[in-house]
């Protein structure tokens, strides 16, 4: 009984701390930015993990990210629409590519699927790189409109300029993504994904519509990743193919999810909230270039020494603490 | 004639299958009637498992048709075949290893039929587990069960999809005599509840004991179909099992 | 007309080098089933080693080849030690771990060598012309071509002409049958990493001579190695050479017809088509 | 005769589990030099597992395996081959992309010194392999592949040959060839342990036979003798036969 309540209390407490600390500590732009981006990468990790729940290891989520970023940035650039419209619409570019994956990679599993996802990042990247007349080529898109301000009664949320406002926006985004992730684990749909992951043949013979569920997971995953990319374009103000289609973007959600614990509700989020601040606050000042080597090292060590990630390990720690 | 066709549960018409030029099934035709236990016997490598794979949609037949209640299901995908009412327990159990026994069965309850599952699916799952002899092991992760319990789980999970036709692959392999007896009782009880069963086994005992009708398969061909007694007395069946097909042509070797 | 001939000759030159890139990957993958996504990064690392020796030690790149040949097998054996600890499913885990390793190496190289593009530039390199035609190759290209072909020939002789090679091929084709023929498969795995490391070591300086080194440049050679391995099958030197040439010519043509920027697309598109049309075609039994 | 010569292969108290389910219990078995020993029993009785353990592919949990005075149970498979115990598993795997000749050469990997002589011997026993020696083994028919696998086993210079289901799916003509070959090999000093569910033929020629059921050895004796056993009939051939 007590343990059951704890599993609810702990995330709530964490959410409360994440929501309230900026009120206490009013001027901490660096921390707003770092934890805002940690939330952002938390969403990216959740998005990646929804596809992973169906049993796939993707090495190419940068494709959705980049397409979402370019979708929104170009729409905003050519049509002058507000980012409030272009972000959700631009992300559709990522989702469309996701559906294409689902259809083309229908029969690929495991290693072969991983290779296919890795190679498929190159296609949109090279096309955008070379189609200069429309996409501005390798120079990238600059001067992308910042996120619009929002006025709620007397409260003004300057998402374009205030790092604190951005932090709250990204925290909300993470909370929503966390709920979606929870649904993907505990709903009946989630059980279908789990059954497919653990034994696809058995799942199919028990009536689980493997192809349809996998496509749904991929669609959700690619759209969420596209949303991240679109937001990224407006948060940063400039994008270029080498940046948004980089190996780093594909690797990051994988690292964070595997590190945090893939098959647990809060695993990917935990991974993001631990690793990203660690990287930005501790390593980045020491190694301005190359600090991202941390993520590579973390994958290697996690797979070797705790393939389930740290979450089960923390849980064990908690049990010890209580007894 | 029409009335007789309607009572056919499963009909196989001229099924053939080759793997890389090796013919595994050659023009196999069979009729399983509604409400019977149909036994399929044959030595290892006779093609029984391939036939099951074709019925459940895991393998595509090169030629021929599979009809279920008169409907052509030949190239349907496995989930659709399951929804139509065919379930199968695999020879080598394939549980969801991280899920508990109960959760394994619940997957069958939830997804086995197109219609929404009954609200009491958990109670139903527990009952099925008890029925196959897994009471007390509901919360054990399936990957940690031993081989025999995994087989039992396989049967419970297949039953959870509420099938009309149940395929049981090598049901008695590796079981103790007591367990074989239990299995025989379970199979008969299921038939008495109105289920149709198609069972294979290369231990003859169980299949011959429970089946209403039996077909003997050897090297991808049906040798004979009939009552267990008839089939066993068939000379070619004997030679298929004894290996006397070879023995006949061999010279006597000095001991 | 001569233009196309030049393109094809350049394609053959490029393809021979690609075959060398693929050989190391194919050998390691075939014997150990380790999917090494850091293959390209290791080649780039070896290239940087040669670059550093050339830039700061004034060592001719041809003299740095023996150094790379000695160092990289050591690195490969370290990788072997790391991968040995992996749990099942081995292939997928090796893929993810080496993906992480690739990321690590990229960033480590970024730290050590910065993001600048580097090339070993041989001053006053001569241009050789095929007599009677306007087709030409630079001295550096000729070196790359001949060393790649020599290495491919060497591997071919090793695999098909020696008893050790037969044992390696046996281990590739059926691991259990190889064990039952008395072959120490564990030792064969080490051997594969050793030779694979030497091939990586050789490819590095040649890469630095012909293409720009860049910390993120490793993905392309990795994709090339995988494409050719899937196309040719594991451990088949002749097929690998043919695959390399086809890819090289295809890339040269694409660069000429569509523009140089599109060249990178060729290997990715070919890889995807091979995976979709010929899924799981590379793995032999065992 | 058995009393005064020690067995070439002696298995004592062997136990193996698979998936936490015991599959072999307290196996005791002896094979004497220059004899044919047969291991019969229904599919799933554990015959293949036992051969896998003797050849080193699987480690036993308990028990000892002694071969010509040496202990085998802790050696890797390739080292057991070196000592003269050669296993030709069911299905007779060949190296599909190697020529027949290369397949045979690899068989002699552990004792390369006698390669030429052994090759002659194998070609003498299976003359068709000489004609096929340049052909990749993967394109051969099933029967031909089995000849290659058996030939490869002979190339290692075995003292004890372990064969799993050597007759499965073979034409009667080929089965006869195999039996003749075995007699020749026996005369040359080889010892054979053959596992098969096609018991009839094997039991007629076996010097010593073991019946396996559910991971246990339940009957042993000279082949022709136990062929008359009622229990054996019941187990192998079912009721009413």
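When the chains are written out, they are named A, B, C and D in that same order, and each has its own residue count from 1.
FYI, a residue touches a chain if its C-beta (ideal position, glycine included) is under 8 Å from a C-beta of that chain, and two chains touch if they have at least 3 such contacts.
None of the values given here were measured: they were computed from a predicted structure.
Considering every other chain in turn, none proves to be in contact with both chain A and chain B.
The interface with the greater count of contacting C-beta pairs, when B-D is set against A-C, is A-C.
With respect to chain D, maximal separation of chain centres occurs for A (centres as means of Cα atoms). Chain A and chain D have Cα centroids separated by 56 Å. If you average the CA atoms of chain A and of chain C, the two centres end up 33 Å from each other.
Inter-chain spacing, taken between the CA centroids of chain B and chain C, is 50 Å. Taken as a contact graph, with one node per protein chain and an edge wherever two chains touch, the assembly forms a single closed ring in which every chain touches exactly two others.
Under the contact rule defined at the top, the touching pairs of chains are A-B, A-C, B-D, C-D.
Across the complex, chain B meets chain A through its residues 56, 58, 77-79, 82-83, 87-88, 90, 94-99, 103, 106-108, 110-113, 157-158, 160-161. Those residues of chain D lying in contact with chain C across their complex are 55-57, 76-79, 81-82, 86-89, 93-98, 102, 105-107, 109-110, 112, 149, 152, 156. Those residues of chain B that touch chain D in the shared complex are 22, 43-45, 144, 146-148, 150, 173-174, 176, 202-205, 208, 229, 232-233, 238, 241-255. Looking at the complex, you find that chain A touches chain C at residues 57, 59, 104-105, 107-108, 110-112, 114-116, 118-120, 122-123, 126-127, 129-130, 242, 246-248, 251, 254-255, 258, 287, 289-293, 295-300, 303-304, 307. By the touch rule above, chain D contacts chain B in their complex via residues 18-21, 42-44, 142, 167-170, 172-173, 175-176, 179, 183, 197-201, 204-205, 207, 214, 222-224, 236-241.
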